[in-house]
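Next come two complexes, and both contain chain A; in the first it sits with chain B, in the second with chain C.
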Partner chain A sequence: MLSFEPYEDPAYFGILLLGLLPIMIMMLYGHRSRIYENIISLFFLFLTFGGPSWHEGAALIVYMVYETCLTYFYLHYRKNNNKSWVFYLTVFLAALPLATVKISQQTTSNIPSLIGFMGISYLTFRVVQTIMETRDGVLKKINWVTFLEFVLFFPTISSGPIDRYRRFEKDYRSIPKRDDYLEMLSKGIHYIFLGFLYKFILAYFFGTYLLPQVEAAAMHARGGFLDISWPLIGVMYTYSMDLFFDFAGYSLFAVGTSYVMGIKTPMNFNRPWQSHNFKEFWNRWHMSLSFWFRDYIYMRLLYTFMKNKTFKSMTTAANVTYVLNMMIMGFWHGVTWYYVTYGLFHGFGLVINDTWLKYKKKHRESIPSNWFTKGFSILLTANLVCFSFLIFSGFLNTLWFK
Partner chain B sequence: MDVKQTVLSILKDISGEDLSDQMDTNLYDTALMDSMSTVQMMLQLQQQLGIDVQISEFDRSQWDTPNKIIDKVKGLVK
Partner chain C sequence: MSKKLFRIFGPIILAAIIVFLLLISPSHFGFGNVTAEIQKRASVSLAPRVLKNKRIKEVALKNNYVPFFGSSEWERIDPMHPSVLAEKYHRSYRPFLLGWRGTQSLTQFFVMQNITKEMKNKKVVISISPQWFVPTGARKDAFGFYTSQLQTTDWLMHENNSAMDRYAARRLLTMPSVTSDEVIEDAVRNVSKGKKLTSFQQLYVKTRQRILTQEDYFFCSLYIPSTNEKLVNKSLKQLPKSYNKAELDKLAVKLGKQNTTNNRFRIENSFYNNGMRKEIGRLKGFQSKESFLKSPEYSDFELLLNQLAKDHTNAIFVLPPINSRWQAYTDLKQARINEFDAKIKHQLKSQGFNNILDLSQDGGIPYFMADTIHYGWRGWLAFDRGVNPFLSKPQKTPHYKINPSYYSRTWQQATLQQLKNFN
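The block that comes next holds the complex of A and B.
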C-alpha cells in the first residue's frame, strides 16, 4: 500500500503532476470541476492518511466531524446571540484536541497516537479563525462543503500556509482568466522548482549532511562554560539554514501546487534574512503563522486590554501583549522549556525592539542612519534570530541534560 | 468636524506626524503605523465617530494609506 508524506518523495511529485494535469487543462479552457478537484483531494488525503497511517486518518475524520459540528453550532448560536462566554468556550473546545495532543506529547501516554494526526495544528488554526470571524459578524454564512474543502485543502494540509476562509472561498468560486491563469501556472511551477533547490539540495546539505557532523563535534567538545564551543556555533548556523531551507522549500511546494489549482495561497517567507529588526523579521518569516497570531491573538488581546483599560499605559499593554502572544506561540510549538524560552526570547525581543523604535522616532536628528547602521542592524537581527533557533532546536537540551 | 479632518487628527495623535500632505503613503511600509497603533486607531474611531470596525474586517491592504482609511470610514459612518 502506497503511503506518502506530502512533498517528501519523488514519486509523490510524479503522482501530483498526473493528478494536476487535468486541472491545468480545464483551467486553461476556463473550467473548474469541483467534483474532479474533490476526488483528487480525497485521493491525496488517502495517500497521506491511508494505508499504514490509517489510524491518523481515523483521527482526522473524528476531528473533522467534531470541529464541523462545533463551528455549525456557533454559527447557528451567533445568529441571535452574542455572549462572550459562549464564544470563549467554543474557541476553547475547538483548540482542545490540539492542546491535549501538545500537552500529552511530553508524557508517556498514548493520547497523541490516538487522537493526533499530521497537520492538526494547521487545521485548528483554520477552524479557530472561522469561529472568530463568525463572532465578529463577518462570516454570516458558511458553505459546509467549502468549509471542508478549505480546512482539508490537500496542498497545505500538513504544515500550512494558513489561508483565510473568505479569501479561499473567493478563489475557489472563481475561474481565473486564461492570461491570469498562465501567469499563476508559471509562478506555481517556478515555486515548485525553487522548492526542489531549497528542500532537496540546500536543506539536504545543511540538515542531513552537515548538521549531524557539527552536532557530534559539539557533543565531543563539551566541558567548558555552559558547554560552549566553536562547533556549537556551527550547530547554531547550520540548524538555522536547515530550518529555513526545509520549511521555505515545503512552503514553496504548497504555494506552487495551490497556484496550479488556481488558489492564491498566501506566501510564508519574504526574504527574512534581510530584516532590520525583530518586528520586520516577523513580517517576513513564517508569515501566515505570524499574521495569524497578529490578527487573532495579538490585536484581539490588545484591543480587550485597551478597551477595559487593564493597564495604565498603552505601552505597557502593548508590551504585555507581545510577551503573551509569543509565549503562546512557544507553547503551541510544544510544551518544552526550549520552545517556551524561544517564545519568551522573541516576546521580550519585540518589547526591546519597540522601545528602541519609539526612542529613535523621538530623537531622529541625533541618531545616525546610513549604510553602516543598516548593515549592522541586519547582521545583528540575523544573528539574534539564529541564536533563537539554537534554543528552538532543542539541541541545548541534548547538550546539557543528556 | 468632517470625517477627513477627524481621521487625520486621530492619525496625527497616533503616529506623531501630520499626514495631510502624504495622503497616499503606505503607513505600514513606512512604519508610521503598526498593530498597536491600529488598535489605538480603531478605538479612537469608535469613540470619536461611533463606528464599529471589527478586527476581522480590518484587512491591512484596504487600510494602509490615509486616503484609504478616510474612504473606509466614510463608508462606515451613517
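The block that comes next holds the complex of A and C.
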C-alpha cells in the first residue's frame, strides 16, 4: 500500500510531477479543470491519509463534516443577527477539536490518536479565519465546494502556509495568462529545487548528521551550573539551523507546488536572519502564522481592550496583548513548559522591543544609527532568536529532567 | 512558449539524465579508492555507516583485516584491546571491528551479505553476548539502524531458496525497515514462501543493487569518525616494545587499579559516573529473573553459522564473562549463565563449530572486566591469548554439517533436557 508523508520521499516528488503534468499543460492552454484538480487532490490526500494512516483519514472526514456544518450555521445566522456570544461560541466550537488534541497530547489518553490527524492545526486556522471574516461582514457568500478545496488544498495541508479564503478563491476562479503562468511555473520549480537544498541537504546536515552528536556531547557534559556547556551552545545553533532549513524547505515545496497549480499561496519565510529586531523577525519568520495571529488574535484582543477601556494607557494595552498573543501561540505549539516559556520569551521580547523603539523615536538625535548599530542589532536579534529556539526545542527538558 | 518551457525544465531533465547515467554506469569514476588510512580508521570506528557500507570492508578484507563480529564490547578501547595489540606487535592480521550497541545475530547476518566473497575460505572472530538471547530477540529499531538496503539486495541476488534464505526472509519481514521499498518487500515475501523472484523483481533488485553499489562507492570514505582511532594511537604508546605475557599482565593490573577507584564493582570510573551512579540503588537485584535460555535469537544465530558453512569460513567463537561483583549485586544467577553456555555450545559443536574460547567463568578475576559485561585490561589479554593463535597459525579445515531444525521454534524454546533432540 502506497503511503507518504508529504514531501518526504523522492517517490512522492515523482508522483507529484506526474500528477501535476496535466495541470501544467491545461494551464498553458488556458484551461483549469476543477474536476481533474479535485481528483488529484483526493488522490494525494489518500496517499497521506489512507493505507496505514486510515484512522487519521477517518478523523479528517469527521472533522471536516463538523467544521463545515459549523461554518455553514454561522454564515446562515450572521445574515440577520450578530450576537457576540454566538460568535464566541462558534469560534470556541471550531477550535475545540484542536484544543482537545493539544491538551490531551500531554497525557496518556488516546484522544490524539482518535480525533487527531496530521495538519489539524492548519485546517483549524483556515476555518476559524473564515468564521471571523464572516462576522466582520467581509465574507457574505461561501461556495461550499471552494471552501472544501481551500481547507483541504493538498500542497499545504500538513503544515501550511495558511492562505486566506478570499485570496484563494480569487486565484482558484481565474486562469493566469500564459506568460504569467510561465512565470509562476518558473518560480514554482525554482522554489521546489531551493527546497531540496534546504530540506534534504542543509536540514539533513544540521538535523540528522550534526544535531545528535552535539546533543550527545551536551548530555555528556552535564554537571555544571544549570548543565551549561559549550556543546549546549552548539545544540542551540545547530537546532536553530535545522528548524529553519527544515521548515523553510517544506514551505518552499508547498508554495512551489501551489504555484505550479496556479495558486499564489503566500510565502512563509523572508530572510528572517537579517531582522533588526523581534518585531521585524515576526514579519519574516513563519509569516503566514504570525500574520494570522496578528490579524485574528492580536488586533482583535487589542480592539476589545480598547473598546472596553480595560487599560488606562494605550501602551499598556498593547503590551499586555503582545504577551497574551505570544503565550497563546506558545500554548498552540503544545501544552508544555518549554513551548509556553518560548511564547512568553517572545511576548516580553516584543514588549521590550516596542518600548525601545518608542524611546528611540523620542530621542532620535542622541542615538546613533550606523552600520555598526545595524549590524549589532541583527546579531543580537539572531542570537536571541536562537536562544528562544533552544527553549522551544525541548532539549533543556531532556537535559535537566531526564 | 517552448523556449521558456525548455529554460524551466531543461536543466532538470538534463540533471535527471546525468544522475541516472552516473548511478547505473559500470564505471565508478575513480571513486571507491579506500586508502590504508581510511581502512584503519574504519576498522575501529564502530560507526553505523561502516556497518552499512560495503566498499571499505571489501577492500580491507582483501588486505590483512579480519572481521570481528560482536556488539558493544569493541567500544572498550584500552592498551590491551585486540586492535591495539595487533598493531603494536605487528601481527599478520588486523581486526576489523563490526558491531555496536544493539547489533545482534540478525544484523550481523545481513552485514555478512556484503562481504561473502571476501569471507570465503577465510577466518573470522565472533564474540557472542548472552544479552542478545532475551525472550524478545533482536531489537527492531536497532536492526533498521545498522543494516542497509544494499545488504538486502546483495542477499536477494545470491539467495538460492535454502532453509537459511527462507528463514532470513521471514525474519526480515518482521522488521519495520523492510517496508521502505514495496518491490523489494514483495521479493522478500516471495523468498519467505519459497517462491522464485518474478522477472520484474529480478530486474528491479539488480538495478537497485547497481545504484546502491554506486552510491556506496561514491560516499564510502566520507564522515568516518576518528575518535576511536585516536584512542588506539594513544593506547599504542602505553604498551611495552615487545610482547611479554607477564609484563603485559602487570601493566593491565596497574591500569585497572588506576581506573576503578570510585566504586566497589571494579567498574571503570568514567563508566560508573556516566549514568550508573545515580541509578545504583534501583539496580540492586534487578536481574534476579533474567534468563537467556529461550529466545528467537538462537535461530538468528543459526543464520550466522549457516552463512559461515556456506562460505567455508573458519570461525572462533568467544563466550564473554560477566563482572562477578556486578552479577552478585544484581542477583543474576550463575546457573542462568551456565544454561546459556551449555545451549549455545551444543548448537555450535553439534554442527562442527569447535573453535570456542570460553571466558564465561572468568568474571571474578580482578580487572578482567572494564565494566559490567565488557572486557577490560586483563580480559582483553585473555581474549588475545585465545584469538591470536587461531588467526596467526594455520588451522585445520573445519567440517560443518548444518542442521535446519535449529531454525525451529522448538529449538528457540528448548530447555537443557531437550538438547539431545538436536544433533
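One rule holds in what follows: the second predicted complex is superposed on the first by the 402 of 402 C-alpha atoms of A that agree within 3 Å, B and C clash if a C-alpha of one lies under 4 Å from a C-alpha of the other, contacts with A are read in each partner's own complex, and residues count from 1 in each chain.
The working rule: a contact is a pair of C-beta atoms (placed from the backbone, for glycine too) under 8 Å apart; a residue touches a chain by one contact, two chains touch by 3 or more.
The shown structure was predicted, so the numbers you read here are calculated from the model rather than taken from an experiment.
J.: For A:V255, select first, second, both or neither according to whether it touches chain B, chain C, the two together, or no partner.
T.: The answer is neither, since A:V255 touches no partner chain.
J.: Considering only the touch criterion stated at the top, classify A:V138 as touching first (chain B), second (chain C), both, or neither.
T.: Only chain B is touched by A:V138; chain C is not.
J.: Which partner reaches more residues of chain A, chain B or chain C?
T.: Between chain B and chain C, B touches the greater number of residues in chain A.
J.: Applying the touch criterion given at the start, work out whether A:A318 contacts chain B, chain C, both or neither, answering first, second, both or neither.
T.: Touch partner of A:A318: chain B, not chain C.
J.: Considering only touches as defined above, state whether A:K279 meets chain B (first), chain C (second), both or neither.
T.: It touches chain B, and chain C stays clear.
J.: Examine A:Y298 and indicate which partner it touches, taking first as chain B and second as chain C; both and neither are also allowed.
T.: A:Y298 sits against chain B, while chain C stays out of touch.
J.: Please indicate which partner A:V128 is in contact with in the superposed arrangement: first for chain B, second for chain C, both, or neither.
T.: The answer is neither, since A:V128 touches no partner chain.
J.: On chain A, what residues does chain B touch that chain C touches as well?
T.: none
J.: Would you pull the chain A residues touching chain B in the complex into a rising list?
T.: Contact set of chain A toward chain B: 132-133, 136-139, 279, 294-295, 298-300, 302-303, 306-307, 314, 318, 354, 357, 361.
J.: Sort out for me which residues of chain A touch chain C in the complex.
T.: My answer: residues 2, 28, 178, 182, 185-186, 189, 193, 209, 220.
J.: If we count contacts the way the header does, which residues on chain C are in touch with chain A in the complex?
T.: 1, 4-5, 7-9, 12, 182, 223, 274
J.: Considering the complex alone, what residue numbers of chain B touch chain A?
T.: Residues 16, 31, 34-36, 38-40, 42-43, 54-58 of chain B touch chain A in their complex.
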